[in-house]
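There are two complexes below, and they share chain A, which is joined by chain B in the first and by chain C in the second.
Then we have the complex of A and B:
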């Protein structure tokens, strides 16, 4: 694998050159938090960031996205007929995405990009995006990526992985997309590969050693869905939940959406908006019946989806990359690691014969 | 890339008020582009998303049969924003259809078998599609005895009245129409709830008999013990579920029961399958 060395003094210049070929997104500090935003000319990703408050999923999958437009003016020939709105799918690059968030796109891809149906909005945006990962030298206390199918130096989902070695970034070029981007940036000084590989390996081991919390997921697959579903612990975990939905909005792997029409005079659009299984309307039937009519059922759905249904459906592990955002931002301290532990260790009471 | 969210444009060709409370209307829809009709190839038991620009979409079972060409029919109960708007639309108005979506009744498994259709209320739509499909001259010989147990609250709440009368007259289908109650002296069919009539009229279950059950939850709840008494295998009891849906293609995430999406992996499940799924519907 090719490794490139970037003197940090030359980093901003390369970013500047990329502005002509890509739309750039990177972590920027906004009040007290970092979030991914479009980088304007002269701006560079903030190197002090640990991770952003919201995941970068909105760069591929906006919180609100127009799908179709139409006219309700009956004097027009095509009134009431929907026409597709194709968004700006020009090449874009996400610089400084953490390995967990880059991996998350691969988990979500199993939902949006299938053999049967392709979600054209998600697929086009994803294909237009190049991901420049930034390895984590300083993981947070809530990170558990190493046991959630990812890791601070994980490469899956990134086109390039940057490693901060002090005065330099060492970049591992992973895909042709990444190689092309580096050419356009003018970052082409090859790092002596043995040296670079050793340096990266040392940093990686140090970072992994800092991640001390873990989840055990080895027994989730073998549990019976109905046993877990009927487990007695849901009530206790849901007791403090206020169904605010924060966990689903900050999560890089939550993908559920709603579709709504909006009309102004005779011009209308159909759009989709992020939705959340935490909300009662999510499953509310026209008849008034609601299969998830209380918060315990809604909380159960979220964790069963991530830690059981997804595991069984795709056989690609859990629908979680261990970024820890839901733990950090939950107002009532619900911790997915504890839920996972309870599910992985669950044994149904012996049925009396 | 094909956009699975884009509806085919259709024109409302006919509107039939089905029930005495006027809350159920059948809409016959004709594709504006003939090529779209060919792409919309479906089987009895599937559903579609009806799209109304400015209002939204609703998932509705297809009431016409694949053997009926040139149109699609949907019988719609007036419930919310989209259905209320649809009930006020007129012949000639333009709307949209997406689909067909979901799985269908297992027609291949039911070949050379007896088929017992048990329906209640306005859940009879895909059952109508199924009956018309099975009675088609090209298909009737593929099935053995056909029984239909169909009930509504009153005679005026039965869907497809003319067709029910026509089927009553045939000797290749056993009709058992019933109403919960009526004071109509001319009512010549059954009186009683669907589970009771099922108990009296349905053939006993065996390996050559399948039951398709569609109706309100209360009917399903009381029909199941009757079918157990008649010794129907749970893999031979076929049900169609409803759920709040948006995308119709298993992507938007709201209609799951366990790992199955009702819109894509359903809406048709056997009772045997449902027994192993969470009770969350």
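Then we have the complex of A and C:
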């Protein structure tokens, strides 16, 4: 694998050169938090970030996305005809995405980009995007990526992985997309691959050693769905839950959306917006019946989906990359690590009557 | 305030053993620094899980709505006022409740500390007057007064207004507090400036509704933003819909909000939503001489009809 060395003094120059070929997104600090934003000319990703508050999923999958427009004006020839709104799918690059978040796109891909179904909005945006990962030298106390199918130096999902070695970034070029981007940026100084590999390995081991929490997921697959569904622990975990959508909206792997029409006079649009399984309306039937009519059922759905249904359906592990955002931002400290432990260890003998 | 916990556990254990209550609602230690989690204790032997420190900012009255059991509840000043409001609004009965009153000295603003601290916070240790924060090889010490939630710094009802047992002597209430400095400033700016101010205030809202759901007042079976037949509010990131949610929610809290700060504490985006509810609190104080949740016998001004109402529109 090709490794390229970038003198940090030359980093901004390369980023500036990329501006002519790509729309750039990177972590920027705003109001005490880092979030991914479009980088304007002269702007570079903030190297001080641990991780962003919101995941970068919105760069491919916006919270609100227009799909169609139509007119209800009968005097027009094309009234009542849905016309696709074509989004800007010009090449874009996400610079400084953490390996957990890059991996998350691959988990989401199992839903949006399959042999049976292709979500054209997600697929087009994803294919237009090049991901420049930034390995995590300093994972947080809430990170459990190493036991959630990812890791601070994980390469899956990134087209290039940058490793911060102090004065230099060492970049592992992973895909042709990444190689092309590096050419356009003018970053081509090859790093002696033996030295570079050793340096990266040392940093990787140091980073992994900093991750002190883990989840055990080995027994989730073998559990009976109905046993877990009826487990006695849901009530206790759900007690403090306020049923807000924070966990789902900060999560890099939550993909649910709701389709809405909005009409102003005779001009209409059809859009999709993120939705959350924490909300009552998520499952509210037209009949007025709601099969998930209380917060315990809704909380159970979120964790069953991530840690059981997904595991069974795709056989690719859990629908979680261990970024820890839901733990940090939950207003009442519901902790997925505890839920996962309870599910993984659950024995039906504990089943409530 | 750290000494309260023994008494809280002792009272809770007594209530549970005697069968005075079916359950006690309090806080247990969270998995992160600066976070305690609301919890439900049903067995006397579990009272040791209960904790009390300056990270109990979530309003526990939120967990009482429509419950039918006999409940012991740990209540600081603002929680107790929301309990009063719940009683007035028939969301819980006074007879069901055994209130463990906690004279409060203010809760720590976890968002502020996270913003001030240069690294990830690994550990927080507090004593009566200071907190020591460590992480990433850095240690920083603050006096608690410097890092309280803003609503706590201007709180004038730290003591519970209603309780069955008290865990400690009442604290001295803060006097000569100017609760509305920020509101007066906003009242004084031009309509255009207000427009810009509110646009900016709410621009980062992700519509997670954590503010609403952390609020004890927001117990409507179906919130107006969730109504679908008809649907009143759009669901997208359109600023008008986002502002409609926040403004209408604030109006719905008029004369009912105790400024407990749970909304801001819950907001993952750090939005200062209290400026909206505080404006209405100020109006209720000035127009009706009304403070929320001080008396279970008094109905809120917007639920009161008086033939002597000074306003022609009502008469």
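FYI, the second predicted complex is superposed on the first by the 349 of 353 C-alpha atoms of A that agree within 3 Å, B and C clash if a C-alpha of one lies under 4 Å from a C-alpha of the other, contacts with A are read in each partner's own complex, and residues count from 1 in each chain.
Methods note: a residue touches a chain if its C-beta (ideal position, glycine included) is under 8 Å from a C-beta of that chain, and two chains touch if they have at least 3 such contacts.
As the structure is a computational prediction, the values presented were derived from the model and not from experiment.
Chemist: In the superposed model on chain A, is it clash or fit for chain B and chain C?
Modeler: With chain A aligned, chain B clears chain C, so fit.
Chemist: Have a look and say if chain B or chain C is in touch with more residues of chain A.
Modeler: On the superposition, B touches more of the residues of chain A.
Chemist: How wide is the angle at the Cα centre of chain A, looking out to the Cα centres of chain B and chain C, in steps of 10 degrees?
Modeler: Seen from the centre of chain A, the opening angle is 90 degrees.
Chemist: Determine, under the contact definition given at the top, whether A:284 touches first (chain B), second (chain C), both, or neither.
Modeler: The answer is both, since A:284 touches chain B and chain C.
Chemist: Which partner does A:176 contact after superposing on A: first (chain B), second (chain C), both, neither?
Modeler: Neither partner.
Chemist: Can A:166 be said to touch chain B (first), chain C (second), both, or neither?
Modeler: A:166 contacts neither chain B nor chain C.
Chemist: Which partner does A:258 reach: the first (chain B), the second (chain C), both, or neither?
Modeler: both
Chemist: According to the stated criteria, A:42 is in contact with first (chain B), second (chain C), both, or neither; which is it?
Modeler: neither
Chemist: Is A:305 in contact with chain B, with chain C, with both, or with neither (first, second, both, neither)?
Modeler: Touch status of A:305: first partner only.
Chemist: Thinking of the overlay built on chain A, is A:124 touched by chain B (first), by chain C (second), by both, or by neither?
Modeler: Only chain B is touched by A:124; chain C is not.
Chemist: Can you report the least C-alpha distance between chain B and chain C in the superposed arrangement, rounded to whole Å?
Modeler: Between chain B and chain C, the shortest C-alpha distance works out to 6 Å.
Chemist: What part of chain A is shared between its chain B contacts and its chain C contacts?
Modeler: Looking at chain A, the two contact sets intersect at 258, 260, 284.
Chemist: What residues of chain A sit close enough to touch chain C in their complex?
Modeler: Those residues of chain A that touch chain C are 31-33, 50, 53-54, 63-64, 138, 140-142, 236, 239-240, 242-246, 248-250, 258, 260, 262, 271, 273, 276, 279-281, 284, 327-329, 331-335, 337-338.
Chemist: Show which residues of chain A lie in contact with chain B when the two form their complex.
Modeler: Touching chain B from chain A are residues 67-68, 70, 72, 79-82, 84, 111-112, 114, 116-120, 123-124, 225-226, 229-230, 255-261, 263, 268, 270, 272, 275, 277, 282-287, 289, 291-292, 297, 301, 304-305, 308-310, 312-313.
Chemist: Per the contact definition, I'd like the list of chain B residues that touch chain A in the complex.
Modeler: Residues 1-7, 9, 51, 53-58, 79-80, 83, 93-96, 217, 242-244, 246-247, 249-256, 258-259, 264, 276-278, 280-281.
Chemist: Going by the contact rule at the top, pick out the chain C residues touching chain A in the complex.
Modeler: The touching residues are 30-32, 35-40, 58, 62-63, 111, 114-115, 120, 122, 136, 204, 206-210, 212-214, 222, 226, 228, 234-238, 265-270.
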